[in-house]
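First up is the structure itself, then whatever we jot down about it.
Just so it is clear, A, B, C and D label the chains in written order, and each chain counts residues from 1 on its own.
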Amino acid sequence: MIKVGVVGATGYAGEEVIKILIKHKLVKITELSAVIDKEEPISSIFPAFKGKIDIVCKKPNPEAMARGVDLVFLGLPHKVSMELVPIFMKAGKLIIDLSADYRLAPEVYKVWYGAEHKDKANLPAAVYGLPELYSDAIKKAKLIANPGCYPTSVILGIAPMLKGKVIFTDTIIADSKSGVTGAGRKPDLALAFSEVNENLKAYKVNEHQHKPEITKILSEVAGKAVDVVFTPHLIPMNRGILSTIYLKLNKKLDTKAVVDIYKNFYKGKPFVRIADEGKLPQIRDVVFTNYCDIGLKVTGDTLIVVSCIDNLTKGAAGQAVQNMNIMCGFDETEGLI
Amino acid sequence: MIKVGVVGATGYAGEEVIKILIKHKLVKITELSAVIDKEEPISSIFPAFKGKIDIVCKKPNPEAMARGVDLVFLGLPHKVSMELVPIFMKAGKLIIDLSADYRLAPEVYKVWYGAEHKDKANLPAAVYGLPELYSDAIKKAKLIANPGCYPTSVILGIAPMLKGKVIFTDTIIADSKSGVTGAGRKPDLALAFSEVNENLKAYKVNEHQHKPEITKILSEVAGKAVDVVFTPHLIPMNRGILSTIYLKLNKKLDTKAVVDIYKNFYKGKPFVRIADEGKLPQIRDVVFTNYCDIGLKVTGDTLIVVSCIDNLTKGAAGQAVQNMNIMCGFDETEGLI
Amino acid sequence: MIKVGVVGATGYAGEEVIKILIKHKLVKITELSAVIDKEEPISSIFPAFKGKIDIVCKKPNPEAMARGVDLVFLGLPHKVSMELVPIFMKAGKLIIDLSADYRLAPEVYKVWYGAEHKDKANLPAAVYGLPELYSDAIKKAKLIANPGCYPTSVILGIAPMLKGKVIFTDTIIADSKSGVTGAGRKPDLALAFSEVNENLKAYKVNEHQHKPEITKILSEVAGKAVDVVFTPHLIPMNRGILSTIYLKLNKKLDTKAVVDIYKNFYKGKPFVRIADEGKLPQIRDVVFTNYCDIGLKVTGDTLIVVSCIDNLTKGAAGQAVQNMNIMCGFDETEGLI
Amino acid sequence: MIKVGVVGATGYAGEEVIKILIKHKLVKITELSAVIDKEEPISSIFPAFKGKIDIVCKKPNPEAMARGVDLVFLGLPHKVSMELVPIFMKAGKLIIDLSADYRLAPEVYKVWYGAEHKDKANLPAAVYGLPELYSDAIKKAKLIANPGCYPTSVILGIAPMLKGKVIFTDTIIADSKSGVTGAGRKPDLALAFSEVNENLKAYKVNEHQHKPEITKILSEVAGKAVDVVFTPHLIPMNRGILSTIYLKLNKKLDTKAVVDIYKNFYKGKPFVRIADEGKLPQIRDVVFTNYCDIGLKVTGDTLIVVSCIDNLTKGAAGQAVQNMNIMCGFDETEGLI
């Protein structure tokens, strides 16, 4: 039984981490913090937690929190995480950071997030927490850079083909559709119900900050520079990301052959499910779960991949717990199925 | 052809007034203003207006606006309207105020809106703009206090029974359900898509600021003090209010008799439609229209009234235009059917 | 570890029972059936179940199923359950019936469901499965009539006041709002997305078949005949029921006193949570849980009760599992928190 | 003033045609028909029409209807239209057919719609009713094949580049997202609220029956065979289609140059609005209007086009009225702005 803290407990990702950990058999939540007006039980802030967990959510004090935990989840805005990580690292605690602060090289970070990186010392220690690709490194990691939601859905949808070197690497298109929780819990007119409902839009076309994260990891997988045209869309639903990915095959393959490539690639990975030929995944099959469901269809020399996740689970909190399970030697699926 | 201005052009009600006036044959929009960062064409702010109207939305300058209009719609937050009304009154312009500032006596206003009234001089001139009850006064009015959305649906649903003196006046219950635009266009976490969608709640139970407006007008109709238990609810939809009203009959009446009372009461009123016995209205029949649809059912000594409006049309902008039509001697339905 | 079967595995309630039982430590699902075209793994019918459960969903054969189970959940349409119950009763199996077939006296059933009851022999053995009121009987029951969703929310919201004899029993109003899954999984134009979304309506006003169930149980609680005016509404959301209940107090009580009455009444009941004075429940706090959250407010001699449940969990499948836990001597909350 | 009939008056497209024609100054609706149980006023079927139109909706009798109209809109399922068209053609009436029956060559029709064409005689007379491309032919047409909703959004988004011969014609990808009314008004479990809401899926990937319509028209525009990879998605909203289109440039062009190409191409076309560089359209700006809003962005050698319409207006009924206006010599925008 390890002691766990959640920083940023009142955001969507933080709330979701708590919800998952409440049912986790090998973990005890001992510390919660958030930027709040007054310290009160988390069950007063989220009445849904009444009867399930009643510890107090405190104002941020990382040094104090570090004394009460073995591992900490950071559900913080970008740029804030890198101020806290050094404190927990120094205290020798395991860290799972759900922000983007430890996912990119500092010069790329500066371009896309508009800020100098403040903790270059710990950056090299950070492991990208996508367990289907990096489980060996995760096992030994002290600091996890938990992947973004869009990158999780896109990378898992493309990796098998890149690894197999059966697609061209310069004509990859990822058309992603996300529910609204992906934007976080905050007062923002653009996220108001009456602005989002009965509406649909593309945004930050090929300029979204998740693009460099996608290309960085895909390039590592391919062993060479990979570019992606990435278009995110905002969908009037709470949770879920569906990425429709268009790949050009560099050799003749039919749908069945491609399905086999994916099934082999993800063999033994408990959270990736490949649909049989002729079937396609949908959001309702993955929502509130840690699964990534992938469907495949070849037409001519084009492979269409449909990749579905819950943005708050496999795209954030669930994947964070999956990483914790691997780091701590627990069953990878504990608390998640 | 009269010249019209809209103050608060970027709110939901202001936007809706513009949308209606664009199709109105006897009106020309000459002035728009709102609290904005830079002055630009309204069609840049709302691309939906491209090709339909292209005048510039200016920063607020009521004195200047008054020179360019015959009539002005004020789509402003409460407490702001009463600072502008004196300016337009002094300039001799017709005013339709969509805020609550001129709906209540100053001592009641202070209790429910938490502020001293700043324009007591013009208060007596204000006419409550519910045309189905006050059309004679509206014809002669210079200043209209346009009704609130909840009061419109509730008052129209009860007035015929109060007028007929066939219900007890101390056991009136109005259970109202509103779409989200009723709360206005503003960044507010409680109105965020992911907080409202797949959710439902009652709020301000019997403490909503529309309660004194409802009881004031119903008391005028009844000729004696009337009390109402009023519970508003927030529904995950953009537009529409459905009020389910429970009344105790003081004499034996069946549904058919009650339907006749309502049909007689609203005879010649173009925007109230009474459903035949056995039928009930629904939001989709009134949304984007200025209609109030009412259905009725008697069970024992209880009359259940279901009253439906579009909160932004009959509950705000449409009713405002209806008032303008009456004030200006236009056909009451011009621009609205 | 008991062996459990689910009849009607492809309906919303059946699917939900399976979802809950997958995580239940003391139960093994051994049999699933439904009216389907071909027998196939339930994970082919619901891809969400892939990797979690893979037994085959068979065509209905109750005699065969009875041989493979200790307890059976019936998630069937009304009128179908009473054809299967005798078979499982004869085989000596525990039965939890989610339909209305065993909730009412046969003469009342005939009026509201339009059919003669076909299993009057077993009717007397049926226990109404609302654990907060009938746990002693449930412990010894062989056949549970699992409550309807509306009745669960309404009865739990009124019972403490009736038991305390502090309200008038002839002026009870229940205004209920339900998500769409309450109507079951079936092709029906009235339930189509584009008919329900951005819409809102009252239906079957005081004529809904759940009304006699509500009055029957409330009359048992009160020890005398109780009548209720019951108005259901259809809300554009998937899950959840919020009932706003209006009660007339027959003695002076303030909100705090009423809150205390409810907290005392539900002391030790793990699934009812009473909000403190000044707070109100909302659907998002109970959705996907077995909780019933209740908020209270007194105004004059009126008590307004807001009662929230998830219609598929506390209103159907969750309550069914809660009943199973009690019947089998398990912890009442196993699988449910 | 011409006399107009609507066949299929109770479908979404038929209802929408009526809604538009009610406000049209040069048209009188004289006949309505649909497959219904009993003939009754259309305002009894759609209470929203009460007070606006009260003619009776009859059972289908095309010969009789033909005697009472100058022009007829057919809002019918595929395969039914081609049984009625010969009757109206013989009677010398103008026809606007909203089905797919007259959009394709008979051999292609057979492949995609699974039926032999029954009215090959009139096929050559049919003009594809996309006014931005075929207005000259529409002026002289007797029979209009009104375009499908997806094809309208996709073709308008690609045509300027094909006409300019500045893209490769073998790597066109159209990723389209549609609201639910696009599937028509019918009882269908897949379209039930609780199946579609909080869900998202791709369907009929590159196998949708609108694909051959898209490639046929684009090939005509290009003057050579064009192929398109077309993926439709179902979005939880009532109305609207947003198509994100990926084109490969065959010469160097920046966003500004492309915006100019589109603005020139659609000069004088009142219903296509091209967003300035840096801006993107969204569904809320076109919903309930006949506009197609297009936004453009070049990245490397890829042009991303975002094309938005209301599927029931520009994608069906609005475009049908636009075609009528052109056929009858009315102002192209009458009834539509």
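Here are a few things to note about the model shown:
The definition used in the following text is that a residue touches a chain if its C-beta (ideal position, glycine included) is under 8 Å from a C-beta of that chain, and two chains touch if they have at least 3 such contacts.
Since the structure is predicted, the reported quantities are computational estimates derived from the model, not experimental observations.
Note: the chain lying farthest from chain C is D, by mean C-alpha position.
Chain pair with the larger contact count among B-C and A-B is B-C, by C-beta pairs in contact. Taking each chain's centre as the mean of its C-alpha atoms, chain A lies 36 Å from chain C.
Chain B and chain C have Cα centroids separated by 39 Å.
Averaged C-alpha coordinates give centres for chain A and chain B that are 45 Å from one another.
In chain B, the residues that reach two or more other chains under the touch definition are 195, 197-198, 236-238, 281-282, 284.
The residues of chain A lying in touch with chain B in their complex are 12, 179-181, 185-189, 191-198, 236-238.
Of all the residues in chain B, the ones that touch chain C in their complex are 171, 173, 175, 177, 195, 197-203, 205-206, 227, 229, 231, 233, 235-240, 242, 244, 246, 248, 280-284, 287, 295, 297, 299-300, 302, 304, 306, 308. Chain B contributes residues 46-48, 50-52, 198, 270, 273, 275, 279, 281-282, 284-286, 288-289, 291, 293, 337 to its touches with chain D in the complex.
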